[in-house]
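Chains: A, B, C and D, in written order; residue numbering restarts at 1 for each.
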Amino acid sequence: MTPECTPRFLASDNTSGICPEAMEYLLKANQTDDLAYGNDSWTARAADRFRKMFDYDCEVFFVFNGTAANSLALAAMGRSFHSVICHELAHIETDECGGPEFFSNGAKLLTSPGVNGKLTPEGIEALVTKRNDIHYPKPKVISLTQATEVGTVYSREELLAIRAVADKYDLRLHMDGARFANACAALDATPAELTWQVGVDALCFSGTKNGLAFGEAILFFNRDLAEDFAWRCKQAGQLASKMRFIAAPWLGLLESGAWRTNAEHANAMAAYLARRLASLPGVSLMFPTQANSVFVELPPVLIDYLRQRGWTFYTFIGAGGVRFVCAWNTTTELLDDLLADMETGLRSLT
Amino acid sequence: MTPECTPRFLASDNTSGICPEAMEYLLKANQTDDLAYGNDSWTARAADRFRKMFDYDCEVFFVFNGTAANSLALAAMGRSFHSVICHELAHIETDECGGPEFFSNGAKLLTSPGVNGKLTPEGIEALVTKRNDIHYPKPKVISLTQATEVGTVYSREELLAIRAVADKYDLRLHMDGARFANACAALDATPAELTWQVGVDALCFSGTKNGLAFGEAILFFNRDLAEDFAWRCKQAGQLASKMRFIAAPWLGLLESGAWRTNAEHANAMAAYLARRLASLPGVSLMFPTQANSVFVELPPVLIDYLRQRGWTFYTFIGAGGVRFVCAWNTTTELLDDLLADMETGLRSLT
Amino acid sequence: MTPECTPRFLASDNTSGICPEAMEYLLKANQTDDLAYGNDSWTARAADRFRKMFDYDCEVFFVFNGTAANSLALAAMGRSFHSVICHELAHIETDECGGPEFFSNGAKLLTSPGVNGKLTPEGIEALVTKRNDIHYPKPKVISLTQATEVGTVYSREELLAIRAVADKYDLRLHMDGARFANACAALDATPAELTWQVGVDALCFSGTKNGLAFGEAILFFNRDLAEDFAWRCKQAGQLASKMRFIAAPWLGLLESGAWRTNAEHANAMAAYLARRLASLPGVSLMFPTQANSVFVELPPVLIDYLRQRGWTFYTFIGAGGVRFVCAWNTTTELLDDLLADMETGLRSLT
Amino acid sequence: MTPECTPRFLASDNTSGICPEAMEYLLKANQTDDLAYGNDSWTARAADRFRKMFDYDCEVFFVFNGTAANSLALAAMGRSFHSVICHELAHIETDECGGPEFFSNGAKLLTSPGVNGKLTPEGIEALVTKRNDIHYPKPKVISLTQATEVGTVYSREELLAIRAVADKYDLRLHMDGARFANACAALDATPAELTWQVGVDALCFSGTKNGLAFGEAILFFNRDLAEDFAWRCKQAGQLASKMRFIAAPWLGLLESGAWRTNAEHANAMAAYLARRLASLPGVSLMFPTQANSVFVELPPVLIDYLRQRGWTFYTFIGAGGVRFVCAWNTTTELLDDLLADMETGLRSLT
């Protein structure tokens, strides 16, 4: 991450900027003064647009970032002595510095393995039935990430199976939608089909990774869980006074359809990259490329070489695993440059 | 706040949008991809610019909003069983829905009265010496607001006197700078003169009220208090992944000098309004107008009339108190319209 | 509190030891090993005995002390962004070092004045209707202390009036029963008459002040509020592994009737003391003596004199207010000694 | 745990009652009234006795139970965004229902495997060096259990090696001494030799498992970490008003030497049991029996048979693992009865 030449960005979809559709609305929202704290002329419109797009009368809230969105939703779905079941690679477990535990005042995460970064009904059931004494934090919520942290997606059938186990044990279902748009695009599914129609109680839908500067939407399909949630956001430092600068760009994404075309583009770029990588010698894909992330095992010397060439990316699971993430503005030119550098590297290093 | 005609905004400086200087830098920062989580090319520059402007090698952090800035700083300055001494009208006491208590996991606020919204050494000392048993949360921090919640400012002498009492009882000094720029302008003082030179340990400097969409800077002059503070921000959902969209607009404010000219303008507008109000019959100013807020006692029927005419403002301290806040973009035309409506109202209502 | 001769204790009912009835059961419970964590042969019996005594199928939990009992109950009755309405002299506000805020992760206490240490429907309503915006923590619970912190008691009529305002605003009603037994004795009322029959949702019933070493019972008449409460106690460090040493002494109090005779005795001693004090020159009672505490205004020099003579007591509300508390083992001899010292002091000091 | 005949207790050392030496002092402390909140005549004596016994001027605090002792100490040793490194079988991870996370307001536990229930320098180092970004809670404390959760003990050499890695990474060292007395006895070591002399910063020393009804001592050898700790205990519901009923029984244990003879006895009983078990066919010890717990792999049908015969014990690590714990009052007769039942069971079941 300290490139020695001009950096070229494939580390995450959060290295990209604000997409044109979002910027257009941001500028519009700046043309006049407006009421604060979400009482402006944009926030209600954006929330209604979400309800229309999901074809559901859900509760909609906007917060600043993903740590907060997931942590606040989870805090609302249980209490401090409950536990949240998630995949061992779940972002809430590995990359939030204890955020969910902080916002919930102590709820433990119980982790489960699972191929391709996905929770399974069996894995969930094993955690629930392992113990039922009061020394064990009582499982209350299942949190799954769609698309997953390794770039795969849960099919509708997989989601329904998880909902069934949730019903069996009276668990609530939370979806970390950091890349929810990419999942919709990958599965050619509507937002409704991947959420309330399969029993999701609450979704955290990321705008930041989809082309905004900041801003995540939290949608409660189980409206009971949203009781007094606005107070929770306020207390936790997640009520924007100039809320319209989150809501308006979101509306730009939704009204223009960019929320989906951005995701389709990013997914297509990842597919392109994966396809080309698969043909390189000494390179092997680690997971199926279903959304906008590509995970690949590279020789360590190649990793060093790419970093020297300015490429930014994360390593993942050991020294040889590498993650490339495509975004709404990733170009084939950029990917071709990467592939060319890889080929050069592989040649010279062997 | 539900005006029946075109709303006209004097409720708060957070109803204004993004000022041109901030917008220019926001657009610049959007021209290329950049590293996430503050490792971009803007964040360090903005932090350095703060250090230069304050003439001090302080620690600088950026968070999303004021609730978080104040609450996180206070949490870092004490522990859950400590208490924070503040004015009874302090925003952290009256308008944060328990935010400071939430972020600190339970620190109580001990409130003190004081004329013109200002803490006094005597008031602070009374709270500290009231009790010293372990059933009373041990005072650890003094929090004062500069400019205050009623539009007045602490002079340097007043700040030094508060620092003296802080020293006497080993208390830390926090400054809620929601309108810090306005205080600098009002006192014709440098940022240094109103902070570390008078013993302020930490300042929360609001950008939102100064012309940004979002973004507050937390400056620790007492660097020990900033230990591992970046982790605290992260855990609490206050680390922006696209940090440059907070940092760059801040840099725009600082490099252009707009941080101060915006404040000077807002103060001048408030002074203009106060001067004109003072001459209206049946209208009395509640506090000296030293920064950008004007507090005035109005006849209740006039308040209703103004709301019907679309004016947005808060009532304050009883039914008759009203607050008008001027911002970087408030115009004399707007204020003249308000005054004209007041005169009409006063005539017709009597 | 640092007497220079043999201390004589009237500071609080927690300076007394374990009463014989409690000790007898403690010793019994120690005759054999038993299951841990409340699965022993005593805990269920004690809980059932509470249900019988209250004539209600309530949920019963045992915790170590009053800070925890009240704080855990309040945490269960609301969420972090809610507020608790209590009297400005309430123990939870003045003497818990932020305990309720800690256990609830930030719920604010909103305080109300009220003569004789009692909340009034009007005072409660004023706090509820003061604001309804999200910057104000939403009122959710009323907490009252029975007997009050100043030794008075709420009548059934007063409790019913408070329940009416609770119903009007959908608030839950918590009773801090640090001296609940004394209130029952004072009002010649059954436990049922002072709790669920007047709409109390949860009662924290102190055993410590009633003759135990440790141990408070939390009774939820509103059973929904007790959902998973055992987990809450465990997580918060309030599940005793050798629970029988709390439960058995409680059972001793209940089966023997000592819970009430202890209280009656303490009340009678307080009444005796108050009666005698009222006849002393220069001494005036501050509140009606209805339970086991006597509050009296004394000349400061007399206060010093009494301390020198080894008397332990708290001062209260200013330099001249003094609280004497009688307990299950207070004797008339002790009180006569106090009165004699007072008379001597008053004579010699004037 | 629901035996069908008279229960016989080997489930834990918390099924035993109060030992005679503790009871004697409890009764003594009940002979007179005394000051509350630890200002009595016993608490300071007990604390001094700890200092003498550890040959160190440490800070000493008493709390009700082990959940609280460990959680409060850990909360004082770090902040919410720090992490605590512990063994994957550590009680704080597996059996506290999120207590450490609750008291610390979100600190994550990072777990490490290790043979015989022991952390290793390598395991600790792996967790510390794994990542150093702010998305990973910064390691601040190592917590080890002495004796361990599987009945083994850390040697002084092992402790010194862990202290070395703590020094290398600026970590604090916490010792969960739920069975600290048993470790001292097992290693024939003084309390000093196993704590501050090997760099332990804080020890939670259990009295409950050593023969008290309730009560743990927290000893800070690193006194800086104890700053204002009394307030922390108070706020968290761990300040006993009748503190002498914790302190006096502790003093009984310490002055009589029972703290150690109790542990020696329990260890001897465990050694006896282990020796005899090792000779049974179809039975294998799971860990070395070094303290007062015996872990043994039994055929499932034998486990059922023993439960039917009234034996209480926990299963552990899969269906076949069983833990027997000996206490200060365990007798060879009881163990012989167990062994006889086992032999009968093994014969009849095969």
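Here, a contact is a pair of C-beta atoms (placed from the backbone, for glycine too) under 8 Å apart; a residue touches a chain by one contact, two chains touch by 3 or more.
Since this is a predicted model, take the numbers as computed values, not measurements.
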| item | value |
| --- | --- |
| Relative to subunit A, chain with the most remote C-alpha centre | C |
| Between C-D and A-D, the pair with more C-beta contacts | C-D |
| Separation of mean Cα positions, subunit C and subunit A [Å, integer] | 50 |
| Centre distance in Å when subunit A and subunit D are each reduced to the mean of their C-alpha atoms | 41 |
| Inter-centroid spacing, subunit D versus subunit C (mean Cα positions, whole Å) | 34 |
| Overlap residues in subunit C, where contacts from two or more other chains coincide | 80-81, 96-99, 102-103, 105-106, 134-135, 137, 231, 234-235, 239 |
| Subunit A-touching residues of subunit B, taken from the complex the two chains share | 1, 7, 9, 11-12, 14-18, 23, 26, 29-36, 39, 63-68, 71-72, 96-99, 102-103, 105, 208, 213-214, 231, 234-242, 245, 312, 329 |
| Contact footprint of subunit B on subunit D as seen in their complex | 37, 79-82, 105-106, 134-135, 137-138, 228, 230-232, 234-235, 239 |
| Residue ranges of subunit A in contact with subunit D within the complex | 80-81, 83, 94-99, 101-103, 105-108, 134-137 |
